[in-house]
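Both complexes below contain chain A, partnered by chain B and then by chain C.
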Partner chain A sequence: MDENVGPSEMIVHLGPQHPMQPGPFRLNLRLRGETVVDAEIELGFIHKGIEKILESKTYLQGIPIVDRICYLTAMTNEEAYVGAVEKLADIEVPERSQYIRVILEELSRLQSHLLGMGEFGEFIGFVSMFMYTIKEREDILTLMDMVTGARVTHTFLKYGGVRGDLPEGFREKSATIFAGLKEQIAEYRRLFNGDEIYKQRCFGVGTLEAKTARDLGVSGPALRATGVAFDIRKDEPYLVYKDLDFKVCTATDGDIAARIEVRLDEMLEAMYIIEQCLDQMPSGPLFYEDSLYGVRTPTMRVPEGDVFHRVEDPRGEMGFYVVSDGSDKPHRVKIRGPVYPTMQALPPLIKGTTVADVAAIAGSMDGCTSEADR
Partner chain B sequence: MDAKSIIDSLVNKFQDSLTDAKVDSDIRISAYLEPEKIKDVCQYLKDELAFDHLSSETAIDYPKKDEIVVVYHIASYDHPVLLTIKVKLPRDAPEIESIVPVYWNANWYEREIYELFGVKFNNHPDLRQLVLPEELLGDWPLRKDYEGFPNTTARNLV
Partner chain C sequence: MSAESIDIIFNPWLRTLLGLCLIGAVFGGAMLVVWFERKLSGDIQFRLGPKYVGPFGIFQLVADAIKLMTKEDLIPSKADKLLFVSAPIALMGSVFMMLVAIPFGAVVINGVEYPIVATEMDISLLYIEAVSSISIIGAFMYAYSSNNKYSLLGAFRNFARMIGYEVPLGITMVSIAIMVGSLNIVEIAQAQSPIWFIFLQPLGFLVFFVALMADMGRLPFDQNESEEELVAGWITEYSGMRFGLGFFAEYIHLILGSMLVVLLFLGGWNLPAFLTNITILGIFLPTIYFLLKVALVILTIIMLRWAVPRFRIDQVVDLSWKRLLPLSLLNLGWAIMLGIYLGA
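Let's look at the complex of A and B:
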């Protein structure tokens, strides 16, 4: 961005420590009065070099690393990486394990959307929203903790299965928690839609047209809020999603309120998916011990080749491109995160709005800088 | 639109520049392409075959074969077919036409490939570093012969 400012212009740097988004990035705004005339994002403040690290670790050592790309989506990141390696090595996952993975991934979606919404509430000055959602999120994390033994970074998947079965009492506990959460979601809707400030700051603000969203490469709830029903779980079903009944939640307006609406709907849908899984799940092994890669040693070798595996992250399309040269370490891992295009889309989206709306729009896109900056 | 008809259409149009075009599964296609055609192919994919979503763009370093392969994954919001295009470039002077005029979001991907692999994208609107400090330009950290911090970076810290 040009640093020369005109007589009535001003350049404002939001960040890198602004609480607008989880993790620091810098947003440079050129303002004329209160209107944003130009915007630019600077990344790289927390670059972790995860792609390079993965190249120096064996396949097994890679799993805890991919958890740390973004702690809100640890489970889906694992699924994307483990799924890619399984495709490469032609490892089969028993059906029961697939169901357990789906349950955990949908729980992950619930907790991510809850925190995202709470944070969004803070950006529009609705601080109590954060306190409501963080309480519900703790309940969901407790469910995940029961299964995986960890609250945020789980390292629960392994090649060809999962580390453990669902514990005793999981079904009952989840039923109680979901009943409470469903009531809470109705309450969130009431709180949002009954709030005059929310109406004025979110309806018709930060509107993304379907055509623009496609051109910008956006995916996930931000795209579905514009009416495009693009969901990897339907387009290229992985695990047992093709056996499950769920709909792709969309909205039409493409504004901030529509994005919140889509996330609220998706939370209900996620709970519906988990309930189906608990009903349909067959008994059986978690792991085929006698398969080709039965003894998955820490130095497991993967045949030469490359594969691009995509999953539906809470924020959109998460893909891992893994290239193997036949050794025990990947030759190249490319992480295609959903936040990258979402954040790239931010400057065109906030051009022409007022500076007060910037935080609300950025918050509603639910970006995770840590993931863009991996 | 299915994988077979898409690949037939592509091969018909770009016969001379496509090699090894094959259908991997019902919804996956892959092909190797000559570097000079990349922008035309992308334009054709977007206009004629509804491939309107650049899913990812990346590079792989093969020091033994002395080449850098740029890999494009192009998908669509309307049909589930995903196309993988690979372009081989010489390792000592990798250079390719930018596809930003076709796919807007290629911008950051190409900047990232440039700073990490040293692939130059011609006619890119803003080719500079994205995530690394400016002093690291020229180190190409994701190449296989990168010695790692601080061996090749110490000179910048003095």
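Let's look at the complex of A and C:
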């Protein structure tokens, strides 16, 4: 951005350390009074080199690494990587394992949306919202902890299956927690939509056009809020999503309120999916013992070739492109995360709004720098 | 009242002593309010709030104050040092100037009411309104001297908000004065003895309360601080006791503002005569009654803070000029008619 400032203009760098941010990135704003005239985003402050690390680890060692791309989406990251390798090595996953994976992914969607919404509440000045959602999120994490033994970084998937079965009492516990969460979601709707200040702050502010969103490659709730019903779970079903009944939640306005609305709907939908899974789940093995990979994963080799596998992350489209040269380590891994495009959509969105809206819009986009930088 | 007793009341030494006591009381009160706010917000958000220092964490703020006082006195190298150092003084000064004219209750002895106030003047309402707007200059000194862009934005917001809100605030105060026919806040409080002014001027109360919230910079009107956008707004570069003074000034302002609400609209300390004629009750009860009402107002303001999002600054300015100003003028007309009817 041009550093020369005109009369009554000022350049403000929000970041790399700023209360508004989900991680270090820099937002350079040219302000005229309170209005943002020009904006520019700089990413890359916490580049961790995940792709390169994956190339130096065996396939099994890679799973904990992909967990750490972003702790909110650990489960879906695992599914994307493990799914890609399974596709490449042609490993079959038993149906029971697939159901368990779906359950965990939807739980992960729930907790991610809850945290994102809490942060958003904080960004518009409604600090209590964060505490409300974090309390509900803790319950969801407890559920995940019951299954995987970890709250955020699970390392639960295994090539050809999952590490363990659902524990005793999972179904009952999830039923009580979901009942509470459904009430809470109704309460959040009341808190938001019944509030005059929320209406003034969020309706018609930060409107993302469907075309802009598509051009920038935005996916997930931010895209669906513009009216585009793009959901990989429906468009390119993986696991057992094609057997499940769920709808793709969309809104039409594309503004802040629409994005929040889509997230609230998706949370209800995620709970509906989990309930279905618990009902439909067949009994059977967690992985096929006779498959080559069931017992020999530590030294497993993957045939030569390349594959792209994508899943619906809580924030959008998460894809792994894996190239194998036949050895026990991937030759090349490329990650296509949902957040990088979402963050790129930020500067055009905040141009012409005010400083206060910057925080609100950034919060509603639900970014995660850790994931964008990788 | 005999000539001797008047001499005692207007003895300057006694007045000074009373003023110092009130300053101490208001500092203690501010500490209590901070503790109360933290505890209450904890309750609203399913947290515990402070709990380790003293019973229910009541001494947490004493510990915090010690920490603030022993911190390094940090002045940014590019700050305007003179302004930086004198800003807390200006802010605190404005609050203390307000404090001298606000009664903290009353003592009734033998049926005569002695208001607890450091100085009684005939134009106290005008005086309070005037000195309370000095605090904005203090806040601007805070922001401008620290040479920080966030602070500057916060200061601009502060000014925009203040210009918007002092007008309806002033007009509602004036409508009370017109109705009573006096600018003396003690007389205004005493005039509410049969009926509270909130019932006579409900619209005025509404405008006054909203404008006061904005004046005190409480959420939803804390745009000058809004930590998510401006880090800490006007107070970003401050640390140690200089920050502490700004922080305290805000809370003392909250207490004094709540007192104003009670004095102007919620009946002050007036109790029926049969209660205050009992000697012991007459000495303590009016003040306690008054402070209880103040606590109730503070409670409302604190609860509001944790239950709503924040306005954008342009929306605040909109609200004040387009909605509150016409409403306050409407209320002024109503007050004049009431004043004529009541024969003030």
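Convention: the second predicted complex is superposed on the first by the 371 of 374 C-alpha atoms of A that agree within 3 Å, B and C clash if a C-alpha of one lies under 4 Å from a C-alpha of the other, contacts with A are read in each partner's own complex, and residues count from 1 in each chain.
In this section, contacts are C-beta pairs under 8 Å (C-beta built on N, C-alpha and C of every residue); 3 or more make two chains touch, one makes a residue touch a chain.
This one's a predicted model, so the numbers in the text were calculated from it and none came from an experiment.
In the superposition on chain A, contact is made by A:235 with chain B only, not with chain C. After overlaying the two complexes on the shared chain, residue contacts for A:340 are found with chain B alone; chain C is out of touch. Contact with chain C, but none with chain B, is seen for A:354 once the two complexes are overlaid on the shared chain. In the superposed model, A:10 makes contact with chain C only, not with chain B.
Note for the complex: chain B touches chain A at residues 27, 52-56, 58, 60-61, 71, 73, 77, 80, 82, 84, 103-105, 107-109, 129-133, 141-142.
Partner chain C is touched in their complex by these residues of chain A: 10, 12, 18-20, 31, 33-34, 121-128, 131-132, 135, 195, 197-198, 200-201, 354-359. On chain C, the positions that touch chain A within their shared complex are 41, 44-47, 149-150, 152-153, 156-157, 219-220, 222-223, 226-231, 306-315. Interface residues of chain A, counted against chain B in their complex, comprise 43-44, 47, 49, 51-52, 214-217, 219, 223, 228, 230, 235-236, 308, 310, 317, 319, 321, 323, 331-332, 334, 336, 340-341, 344-345, 373.
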